[in-house]
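Each of the two complexes below includes chain A, the first together with chain B, the second together with chain C.
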Partner chain A sequence: MISKIFRYWSRFTIGLIICSITLFLTIPTILVVFSSFNPTSVLDFPPKSISLRWYFNLGERPDFRLGFINTGLVGLISTSFSILAGIGMALSIQRGSFPGRHAIYAVVMSPLVLPGVIIGVGLLMVASKTGGVGGFPIVIVAHTLMVLPFVLRSILISLENMDENLEKAAAILGANPMKRFIYITLPMLRPGIGAGILFALIMSVNEFTVSLFVTARSTQTMPVVLFNYTMAYIDPTIAAVSTIYIVITIIAIWLLDRLVGIAKILRLEGKS
Partner chain B sequence: MCLLLPSIILVALFFWGLLLLFQYSFRSYIPGSLEVGGFTFANYERIVDRLYLGAVWETLVICFWVTAIALVLGYPLAYVLIRHPSPLLRSTILILTVLPFFLGIIVRSYAWMLVLGSRGFLNQVLTSWGVIEEPLQFIFRRSGVILALIQISLPIMVIMIAAGLSHIDRSYERTAETLGANPLKVFRHVTWPLSLPGVISGCIVVFGWTLSAFATPIMIGGGKVYVMTVMVYDQILGSGNYPFGAALGVFVLIVDLVLLGIGQKVIKRIQGRMRQ
Partner chain C sequence: MKDSQFDFYSPEPMVGLLGLTKRFGSISAVDQVDLEIRKGELFALLGPSGSGKTTLLGLIAGFHEPTAGKVVINGIDVTAIPSYKRNLAMMFQNYALFPHLSVFDNVGFGLRMRGLPRNVIRERVHKALSLVRLGGFEDRWPNQLSGGQQQRVALARALVVEPKVLLLDEPLAALDKGLRDEMRIELKEIQRNSGITTIFVTHDQSEALSLSDRLAIMDQGKIVQVDAPRQIHANPKNGFVARFLGLRNVFSGKWIRKEGELIWIESGNGKDQWVAIHPDDRVSKECTFYIRPERIQIIDRLQKIGFNYLSGIIKEINYLGTYSEIRIQLLSGTQLILFEMMFGEPSSRSVDSKVNLYIDPKDVVII
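Entry: the complex of A and B
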């Protein structure tokens, strides 16, 4: 009897702990969404009425419009570059045997662990040496560098799961390397490339620290615009943008899960 | 080789940046100009100044608390995420953990400004429950920055620990159970030691991320919580003192690399001991 009560109690406490940790993780995000529909600057909780004024304010501000266009442009271009670089690199790492490939792999993955401020300052100095301060080229280089680790990982996962015999069969049947790549390898890599594209877009659209250093007023991406706005005003216009970000991110994660499985990307699947 | 060409160009630009950072850090600063003067050690001598050493200390204190608390909160969540029998609960936790991981740092730091502000969510809740009379001050304080950074680094901590847990061979635990160990003992003597590599890599990543964190300290701290990254930003984009900013940058980089190196050594040692 006592042990039964004890077990219920411990279950209850564990449940409570897990619930509070999850709440701690999610409440800020939920508040942002509420705040974006709140008619006044100060959030009343629970909200008394709903208003879209912050979303309208968004449309009226030219800096937000420019930030939106820049983010889209930089996101699309750096995603395409990183996919090209990622496919090439994944193939040469998995298939190649030349010396130094592991070193290049380590360097390409290093933006994951190095401080963004350092990468930003370094690239700013490269830009000032080449006369490209605040230009699109350096912004695109920066974003490609920052998203490449994620792209490379997803393509490598796909490549590791691929059956090499299919390529060998195609070779025996007389397909040249180009044909093998287009008709066999590329279609087989589709889930990895799809996941890579999504990853790259999510990361690029959200990239802030490096962008802060390499962008100028005319090339500012959305996170930099948001940052400058919070430094000047505190009103829920940011909440409106953030809510749009949250919705886009949820859709992207859902797609990512359908394509390759979130747990697989995060290496959460093992022995059971 | 030509497959690697795009990556090599990127890597080269990246290295050039790091090289320039290093080179600038040994040049003297000409006020009011982006041109730099001759060779000097003065920038490094300046780091050993109270204000800048204070920033190093501030950063390390924040990193310590964030890592410790994220570990305490992250472990149970990771454990449930991997071990709970209900798939529905597992995928709910996975989604709730992963979503903030993919949300940008600006959105998440802004969210914390809403929570922590003097008329923010936390103060409203605490006042309406009668816990406090006057609103608590979190914004511009170290406590606020730490609180926000814990939530921001929790997802990666959970993911790293969960990855470690998912690779544990369950038969060890079953053997211990068959031999009569109670659940607490199984956890203490089997599961916990086997999950240590995941725990340590989680701690290293979170420590490193907190060390590199910039948006959160500057948005929540408002420039009053003076950490190393904010210091670099101030010198480069604030005063335009590239040489000193570069020296501070090199310093941050070295601290970061030393920590990563120590962490790798510790993981290797633990894995070596596990094999024995």
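Entry: the complex of A and C
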């Protein structure tokens, strides 16, 4: 009897905890979406009417337009670079036997643990030495470095899960190294590359700390534009931007699911 | 077509290994191997795990670069030629089917790499699949196939390129018992009909003995003995081979007296004494010998004079159909296994009863 009551209550408590965590995770997002359609600067809940005022404000301001374009450009280019670099690095780290490959891995993964401020300041100093302060090259380099750990990790996991006999089988059937890579290795790495693209895009689009240091007015990405905007004004324009971010993220995930399958992408556990 | 068991291959060499050595760090996985495999032969590399047999297969395939020595295939030194140019085929223990390709594309992969036209590929893939009795499976995916079917696809993928040499790594190990026996027969038949020189690696001595024309027994990277199954079984070269082939009653000892062809041997630190007949003078002091379990005779009364009369106690009886396997503990503590044929009537032997034994000196075989 007592154990039954205990079981009931423990189940109830766990349910309560899960529900509140889920609520705390979703409520800010929902509030942001609501307030972006709110005509007044102060958030009314429930909203009295719906307006696209803040979206228009967004479209009218050139810094936001530029921010969107920059974010898209930097995101796509740094994602492409990081995927190419990630494939090459994963192959040489996992297959190679050269000394120092573990050190290289540790260095590439370091943005995960280093404070963004340090990387930002460092890159800014590098840029000032080479005369590229605020230029697109340094912004793209910065974003590539920041997303590479995620890309490398997901490609490495795919590579580790790959049966090494597959390439041997292809080799003995007459496939040279190039053909083995194209017909066997690359298709087998597809889930890892898909996950890498997803992570890289999301990380790049959201990257703030390092971008704050390396961007100039003409190369500002969206998070930096938002930051500068909130320094001057507080109104739901940022809510409108956030809503657009959410919609774009949903579309990106949907697209990737269509292309590679989200189930496959998220099955990232390593070989036991 | 080919009716005699032996005329399907000529003694012409197909694969030659010369002083082949592969070291990983300080460990010699393959150590100074010299071996010749004949054209059309079904050849087994037999050895316990870690004996280097898979590494040796990998050296023939070109997956590893040898530390020393040469690999010659069909008269050409291929040591420096990468595996994709060696014109071989291999079936892997886990089959290694390409999971992202259909059965058709798996089987056709080798032909596609050779740049053959599409219609030729289609025709040859269909032929190969019907050879392994998987006609109509072209559009399936590897993960939709059972283990046995996957193996057939792997075999078809290897055979379709008409390789000079077919390499099989533990071809039957991943199958369950019934399927294994079926595939064993089928494999042998396909090999006979195609006449492709085939080398297979196995740790299962019965598989090697029943399937191969000749076999090499490996231990610690070295080849211990190469011969036809029957010869190896009749004349194991040393205690390792004898034990590995599943011979029973293998003992080590040293001889203490010789009288003509008769040799007195002591084993178990002098606990047991045996008399063997061995015509060769050059028996080393330390020797290994075995007693065939089917040759040990159970007798009614112990004779006081003569050799190799022993008595002991039955510890275990296993009825195995036409014969029973009896484990006997001699008075000295040594265990002997003997096989007793059963001719219809049920055996009257029982555990813990005393038995007297006689072993003819010619059945104590010194190796």
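The working rule: the second predicted complex is superposed on the first by the 238 of 272 C-alpha atoms of A that agree within 3 Å, B and C clash if a C-alpha of one lies under 4 Å from a C-alpha of the other, contacts with A are read in each partner's own complex, and residues count from 1 in each chain.
Everything that follows uses one rule, which is that a contact is a pair of C-beta atoms (placed from the backbone, for glycine too) under 8 Å apart; a residue touches a chain by one contact, two chains touch by 3 or more.
Quantities reported herein were computed from a predicted structural model and do not represent experimental measurements.
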Superposed partners chain B and chain C on chain A - clash or fit: fit
Which partner reaches more residues of chain A (counting touched residues only), chain B or chain C: B
Chain B versus chain C as contact partner of A:Leu31, first or second or both or neither: first
Touched partner set for A:Ile77, first chain B, second chain C, both or neither: neither
Partner chain in contact with A:Ser242 - chain B first, chain C second, else both or neither: first
Partner chain in contact with A:Pro187 - chain B first, chain C second, else both or neither: second
Touched partner set for A:Leu124, first chain B, second chain C, both or neither: first
First, second, both or neither for A:Leu148, with chain B first and chain C second: first
Apex chain A: angle to the C-alpha centres of chain B and chain C, given in degrees as a multiple of 10: 100
Where chain B and chain C come nearest after superposition, their Cα distance in Å: 19
Chain A residues within the chain B interface of the complex: 14, 17-18, 21-22, 24-29, 31-32, 35, 42-43, 45, 81, 84-85, 87-89, 91-92, 96, 98, 101, 104, 107-108, 111, 113-119, 121-126, 128-129, 141, 144-145, 148, 202, 205-209, 212-213, 223, 226-227, 230, 234, 238-239, 242, 245-246, 249-250, 252-253, 262-263, 266-272
Complex interface listing, chain B residues touching chain A: 1-8, 10-11, 13-18, 20-21, 24, 34, 73, 76-77, 80-82, 93-100, 102-108, 110-115, 119-121, 124-125, 151, 154-155, 159, 162-163, 166-170, 205, 208, 211-212, 214-215, 219, 229, 232-233, 236-237, 242, 245-246, 249, 252-253, 256, 260
Chain A - residues contacting chain C, complex: 163, 165-166, 168-176, 179, 183-184, 187-188, 190
Chain C residues touching chain A - in the complex, by the definition given at the top: 61-63, 82-90, 92, 94, 96, 98-100, 109-110, 113-114, 157, 161, 167
